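Take a look at the structures below.
Each of the next two complexes has subunit A plus one more chain, namely subunit B in the first and subunit C in the second.
Let's turn to the complex of A and B:
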């Protein structure tokens, strides 16, 4: 009687030996070594062609998304009336940020509650564009209220304000949270970028 | 690990210094960047919160507006990294080609190429993998150098360049772990070149090494299994059995090893011995192909031992098991064909976030899942699944924009209407050229003041009472001049002269202060007039440009809307093609399993028929005890 499994031995051996090389990192001890299984040639070709198409489409989406973002901002916040308010944090050892409230000309324009991930992003050097709006030319006042935990884990609420002149171009203001190491206290200031 | 690779890549591309940080001095690292452009900081904020798509969108938009003049090169490198994260390997590669020049520190450049090579390898672009690795100039450090060599070897092997792979590994030395991988890869490369005698000691070294940990134990099993089957294929069952016997009974390769050991025994005519591993296999999960084959192998061995009755019993049981399993496979294929697979796999997670680093972490509890382990673990399937998921995410994003763009259109229309309503009033206002008249009036006032000052006309700057008093004095002086030389008239003139002198002294005393006050008032007027003129110019400019702007916005909105609709259609078609491809992959896998079962069934039926034929023509055989 002929061995019923002979063809299978060939199949096993081939599938095993087609790949075999491993690219798992040495420190990934939890994961078993994964063989690089070569997919059937037509499937690989189909996948490659589809992947190329998908990449082209993704690039088109990125470009379109940029153009839509540009349109939205130019339409809603033209440069001659635009005011953008940014938040940055340097070190942040003496202050754990919870929220920022913004008032422009005594009118509340933003009240933002931070997630731990956003606070971490600020601590890593990110600068958040917290508010973007429109103001007519002339003098205005911005008041920012910072709420969080201060030294010794105490509830902490501080305000900073600035009077600024809005000219014809876009106006950028930066709310800076910094540590004043000598006094072991946080410091809040507003910088007028133009 | 790939997530770690992404973190490494991000780490080497992004380095932001807090204000107090000392400047970086390591020649192999990018200098830490102090954010100097607020908008670059905003990009980083979104990048650090994990919102890569938003970060990339803002980066591209801010680049368009040139709002990051200080961080041009940082932003370009970051964009390359984010394109990579979003799975746009071609774009990332093209950008890195341009950016990773000699101005970037060699260490950063090399690591960027290395990680790009890894990602291209995983994505199946093996030629690009070798090219990217070729761009590395110098060492990456001992650990990464080892991985780099392996990556290159694997890429060469995937391109069927086995001789180059073998040559690369021949004298390679590294850490014990990487050395084990190197030996394994070299052994496989040699087997693929039909150099089994040379491969044997190499794979044996891996298969007999002192190993600890799941990964190394699995590699050891894999080397033994590869060597065993290579010898079996070469018709050498004895060395095959030695290698296969070294495979653990509980590892991921146990079933295949048990099957192989059985075939090695069988090839040596030791059918009773072959029954030991095959019967062990027979009790395991029928989903495993090795177990399925054991359903034929066990009765085959019994038949070879002359135990026809037991053989027939096992064949009949195999036919029933194959039949049931084939039915279940049919149901699973049908369900996949109905389009349930991707919904089951992705669930609610479809379209919530894009990214190449997403991975399917758990299998759904669906009828077809149990058959799909192999295909789901396959790189091609995983990559296509990511693409499918990304396509849905992008379509959802564009759907949101689609709603917004309708609002933008309405906004522009409203502006056009408001402009049309205000136009007559604006035209009427602009028609009289009021600022020019104001400037003329201001010049007249200034000239008048000059004359007053030059003529020292102190009365001209008196207050209202003083000017009235001055006018009365002048009128009385004229009247008294006509009054003749009477005593009363002389007394009145003296009195009037005294009054005039007093008033004149008062006016003279206040004159300089009043001139200054008037000059100051004219300066204030100049400021107000200047502002009014500016506003006038802006109104004139707006009068001219608003219709043009709104028309331009309307055109842009229409063009973007057209692009958006077309792209959404393409995305949906591409998603459909990905879905069909994934379905096809899954169905092919299940159909292959079904076909294998069908082939096994045919073999079982033939063997059974053969046994019945022999039984009808021969005396009864004593049953054989199972080992």
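Let's turn to the complex of A and C:
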């Protein structure tokens, strides 16, 4: 999920940090002039120190960005209501994935189109977080519709569903696409990670 | 709990920024181009963000548009000329009749990537009111140029395109 708020804060923090660096650099530049030969070595040292400061600032920005991302996740999707749904694919010889539609309690929450590059990433073992949202505690139903090309390059649409109990902690569900070699068919299952 | 309370003001600020940014539609020239994924007439799906690092021409067309064929011919020519410099042309149909759109794409698309926006969700997200409409997206994913009802590709457009391909500073422009 995109997080524009995080970028907003990051840009704000970056401008403050870089502003501070500029003021410091300007202070350094405004220092009284010294003879050229004598100043050569200190100038090199100053440049090195300035470079170090810039690197430190960059590291701070990266750390701040990470903290803000975690904070945003905690605020938007608290652990007691969070539901995350992942997609994984094993082999995929009998199925070329085109899209996945998700319905939670009969309400569409996601409809994702896969590009060839994303399908290749899944086939190499990647796991995609397809959806993260909030659900109250209690029983819920997830239905996933898989669309793509099946065996013999025929259009293929299958559904898998699961009824799950949302407790106090975060709930993780995994949509698994696997090949069933004996029947030369793909298989779709939903795994509930306790 | 204390840690959470300490972080609460910052969190509220994050949410406020997020809400204000999400509310800001459609995308302004100079802002980030909204990402999308659409099926291509060739069969595979295409996602805009996968072209980050390349200059993207986003052209909206319709099979009912009388001047779109000429514009698509110009875009094919530009793609052949600047493709090796990092130009990608995505031509998006906003037809509601997919059969017509596919026939039109087959007849006029050539080697361009022809996308089908049957639900017009992408057209709405880019606030497309006329066809043809052309947008230029730079290598960092920002919308840099917008022009509506452009009949033929002309010099101002090509100069903008070349500046983006050269990574030269470009003045953001919207032309009627």
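Throughout what follows, the second predicted complex is superposed on the first by the 136 of 194 C-alpha atoms of A that agree within 3 Å, B and C clash if a C-alpha of one lies under 4 Å from a C-alpha of the other, contacts with A are read in each partner's own complex, and residues count from 1 in each chain.
By definition in this document, a contact is a pair of C-beta atoms (placed from the backbone, for glycine too) under 8 Å apart; a residue touches a chain by one contact, two chains touch by 3 or more.
Predicted model, so just to flag it, every value in this text is computed and none were measured.
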item	value
Partner chain(s) touched by A:98 [first = subunit B, second = subunit C, both, neither]	second
Which superposed partner A:113 touches (first subunit B, second subunit C, both, neither)	second
Subunit B versus subunit C as contact partner of A:187, first or second or both or neither	neither
Partner chain in contact with A:72 - subunit B first, subunit C second, else both or neither	both
First (subunit B), second (subunit C), both or neither touched by A:127	first
Which partner, subunit B or subunit C, touches more subunit A residues	B
Partner chain(s) touched by A:53 [first = subunit B, second = subunit C, both, neither]	first
Touched partner set for A:64, first subunit B, second subunit C, both or neither	first
Doubly contacted subunit A residues - partners subunit C and subunit B	3-5, 8-9, 68, 71-72, 75, 117-118
Footprint of subunit C on subunit A - complex, ascending	2-6, 8-9, 68, 71-72, 74-76, 98-99, 112-118
Sites on subunit A touched by subunit B in the complex	1, 3-5, 8-10, 12-13, 16-17, 19-26, 28-40, 43-44, 46-48, 50-55, 57-73, 75, 84, 86, 88, 90-91, 117-118, 120-122, 124-129, 172, 174, 178, 193
Partner subunit A, residues of subunit C touching it in the complex	4, 7, 10-11, 13-19, 21-22, 35, 37-39, 44-47, 50
In the complex, subunit B residues that touch subunit A	1, 4, 16-20, 33, 35, 38-42, 44-50, 53, 56-58, 60-61, 64-65, 83, 86-91, 118, 121-125, 143, 146-147, 150-151, 153-154, 157-158, 175, 177-178, 181, 184-185, 188, 191-192, 213-215, 218-219, 222, 225-226, 229-230, 232-233, 252, 256, 259-260, 263, 266, 289-290, 293, 296-297, 300, 303-304, 377-380, 383-384, 387, 390-391, 394, 397-398, 401, 404-405, 408, 411-412, 553, 556-557, 560, 563-564, 567, 570-571, 574, 577-578, 581, 585, 588, 600, 603-604, 607, 610
